[in-house]
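In the two assemblies presented below, subunit A is common to both, partnered first by subunit B and then by subunit C.
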Partner chain A sequence: MTENNQPVIELRQVNKHFGDLHVLQDISLTVKKGEVVVIIGPSGSGKSTLCRAINRLETIDSGEILFEGEPLPREGKELAQMRAKIGMVFQSFNLFAHRTILDNITLAPCDVMKASKKNARQEAMRLLERVGVADQAGKVPAQLSGGQQQRAAIARALAMHPKAMLFDEPTSALDPEMIGEVLNVMTELAQDGMTMLVVTHEMNFARRVADRVIFMDGGRIVEENTPEAFFSNPKTQRAKGFLSSVRMQDREL
Partner chain B sequence: MTLSQLLTQYGDRYLQALFTTWQLTFFSFLGALAVGILVTVFRVSPIRPLRLFGDFYVQIFRNIPGAALLILLVYALPYLKITFPYDACVLIATILIPSAFCSEHLMSGMNTISPGQIEAARALGMNFFQLIRRIVIPQSLRSAVLPMTNLMVATMLTTSLGSQVPLRPMELTGIVSYINTRSAGGVMAFAISAALYCMTGLLIGAAGSWLDRKVRILR
Partner chain C sequence: MKNATIREFLYEAPGPKTRKRVFWLTAAAMLLLMGLLLMVVHRFYVTGQLSGRYWAFFGKATTWRFLGQGLLVTVEAAVTGALISFALGFLLMRGRLQKNLLLRWISTGVIEFTRGVPTLLFIYFFFLVVPQTGWKLSAFWKITLPCAISACGVVAEALRGGVNAVPRGQTEAALCLGYRETKLFYRIVFPQAIRFVIPSLIAELVIVLKDTTFASIVSCADLMQNAKVLISNYDALLSIYLVVAVIYILINFLLNRLSDRLAKRTSQPGAAERRAA
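Now for the complex of A and B:
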């Protein structure tokens, strides 16, 4: 079907500076419907900034970002409506500390989408079931482990029925034994056909789940390829260096 | 006069004054809370003139002596053809000044909210008012229970401004002047009011600690 080739997220010649630092340099990138794109690269390479720019948590200096063919609104109601269609998962979970897990998930559907309380609750419980934390629904975030919080955060994003999901280093703040449970949820999501952009250091996840891997360094997209091609045969020197240093760490573990 | 003389002669007046002080404190604090929240919303709003107004408001009412404000309300406003009854003047003064402090407490309570939560709310498509109403104000309030408790005690003490105008019924400070102009109540007349203020303050403090334990946000 042609539908599957429709770009959901599109960046054209995007530039951004933090003071003197040119953190995004002429970034052009397309994520098609149902595609899973994984962005890897050393810290400071601009990959998180890129991810955050897509729902305008970071502004850009020049270039264009389109979501479902529409340019990203600059502010106001239109921006809020656009953000509601893009799910975002953060490194530090960012659950609302004063509300229960269930409330965390129903809050935006009720407020933003005007869903009825009853429907929102049912949907929330279904999602919590799906990510495996339904038994924690009545607790507040601080009572959950990091892995449970992150899975609840994924459920919170899914409750808005997003057209695409952004993951900004979703496992970087987790203890090693909890990384797997979050990656499993993400893998299932990818298998269900969700359009995903994932910034991560999990090379195995990238290899298994990604349709495309993007390697960033120094604010540029240095390499873009299928995971097999990228991991077995990186073309650039910088990608080779990055991969070998990552593999070295893996061996040391 | 001795304690027992004072109590037999003026006991019911003291009780009435205590009740008046409680009433004033309650309504002043409630008003201060409402105005304080509103001003705080102004101070964090995306609209610059509102932010400036909010900051200006807080600077004015945090720095004006209560007596001066009351004098303005009672004696200056009538020149502008605005005349409030005495009790309204007292209530306005005891709302405006604590509301500035209330806003400051809320601003510091706001600092306990991680910026990530704000980003998450934004990413879910919440607008400014949803963000303020659902995330920012509830967390700020719940983190500011102890300073708000202090503020309520301070508000109670500020209601003694009521002694400077002919308030009926009188509050706890006014009653002392009333007694001392009629009989030689002396220090003991003050001491009774002081004890009643002190008792009220302790009650507020206990209630505040209880509430703080109950609503404190686990982090």
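Now for the complex of A and C:
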């Protein structure tokens, strides 16, 4: 993994409210190049909102979000160009329902990056091969299993050659037997040096793949540490409580 | 789920008692209907409506050619009117979904206006008011334009419903890939929205087709107008109206069947591909 300390994603004192609810409270966070940061925490802790704020699917009330040292543009062409550099993977896949898997991958490179159709197709097949769904290229999303759809969605994001990837609970909507195939693709991606911010409930993945684990609760970053230190010796009471309740449900951890 | 009909969706499967009851009620209803039909035919017979002079002219080719010419005009007016209303409706829908407040208000106003005013008033407007401005319109446009305008608001709202039915996640995914609003709409949202609204659009085509029967007001020679000419020629009201009604029902029935088939083919993404496989 390349560690060259250059921050790719940077949040400074970010605050956000949903009405009376203070969902992000003074969030400061840096993801360096090649780093894999995993955010865990109970539901409603603001981790998804944090993830979505980074490419402005959620606006923020105060603070700053920087991508590759540049503040996130507020609108227009600049915002679109910035978003194109950040890959996003959703809980519910969000593949384009009216297009084949292959079209899903080639659509944005052709429309947004003005890639030639031929090149986009070649690249798409290469990516589908890489995530293991090349044999499904001609089908529409509804014909694929959840795991296959999510892997195709990862390929779709990779087709834009993103500088970083955001994963918003990528395995939460999957049947248990399909979680592994998606996590494997993500693990390979991390090993290839992709900068990643992952919101997940998969503790095993966090432990094996993360460079850093961030524990959020009630809109705040409560704890931030290496996975070894965090999982073996959580410092805060909140994290201890959360981990023990997760372990109760998940004996194998 | 895939092959479930609305009936299966709303009610549980009937048990033996219910099945028996349904059988007897159906039989009774059928008998009643047949009785009514017989009564109608009997009244026709008694009043002489079945006599040869009211039906003989249907054996002549000229009668059918005349009705055929009218039918052609009806179809032309309906298709033209529907296409214009789809185009206007699309523009109004786009307007209503804009961020610009003025555009949104204007579009909403036009939509509500056209939805609220009866078709007949629009026709009178084009028949009586428009000519006074010196704008010379043929009879064909005097019926087609008001029918189109009368339908465009409903079309706009149907399209808007379709656009709103496209899951938010589709838009978010496209935004994350660097799409901007206009392209996102035409490449991602609208192609999915149109699948939801094809049945409504065809239903609207049927309404436009029925509205064109007002064509006689502006003396446009559509099916209805030609039927009226035949009626005064042969002094045969009932038989001709009956035949013309059957023609209208047949066309609209076919359109509705088409709508069902299109809806089935496009409602579930991949349904067509699965069938082909």
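Quick note on the criterion: the second predicted complex is superposed on the first by the 248 of 253 C-alpha atoms of A that agree within 3 Å, B and C clash if a C-alpha of one lies under 4 Å from a C-alpha of the other, contacts with A are read in each partner's own complex, and residues count from 1 in each chain.
Rule of thumb we're sticking to: contacts are C-beta pairs under 8 Å (C-beta built on N, C-alpha and C of every residue); 3 or more make two chains touch, one makes a residue touch a chain.
Bear in mind that the values here come from a model prediction, so they are computed numbers and not experimental data.
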| item | value |
| --- | --- |
| When subunit B and subunit C are modelled together on subunit A, clash or fit | clash |
| Subunit B versus subunit C as contact partner of A:Val112, first or second or both or neither | both |
| First (subunit B), second (subunit C), both or neither touched by A:Arg156 | both |
| Which superposed partner A:His98 touches (first subunit B, second subunit C, both, neither) | both |
| Touched partner set for A:Phe90, first subunit B, second subunit C, both or neither | both |
| Subunit B versus subunit C as contact partner of A:Gln81, first or second or both or neither | both |
| When the two complexes are fitted on chain A, the stretch of subunit C hitting subunit B, from 4-12, 22-30, 40-48 or 166-174 | 166-174 |
| Subunit A residues contacted in one complex by subunit B, in the other by subunit C | 55, 57, 77, 80-81, 83-84, 86-88, 90, 92, 94-98, 107-108, 111-112, 140-143, 153, 156-157, 160 |
| For the subunit A and subunit C complex, residues of the former touching the latter | 55, 57, 76-77, 80-81, 83-84, 86-88, 90, 92, 94-98, 107-108, 111-113, 139-143, 153, 156-157, 160 |
| Subunit A-touching residues of subunit C, taken from the complex the two chains share | 167, 169-170, 172-180, 183, 187-188, 191-192, 195, 268-270, 273-274 |
| Residues of subunit B that touch subunit A when the two form their complex | 113-114, 116-117, 119-127, 130, 134-135, 138-139, 142, 217-219 |
| Subunit A residues within the subunit B interface of the complex | 55, 57, 77, 80-88, 90, 92-98, 107-108, 111-112, 140-143, 153, 156-157, 160 |
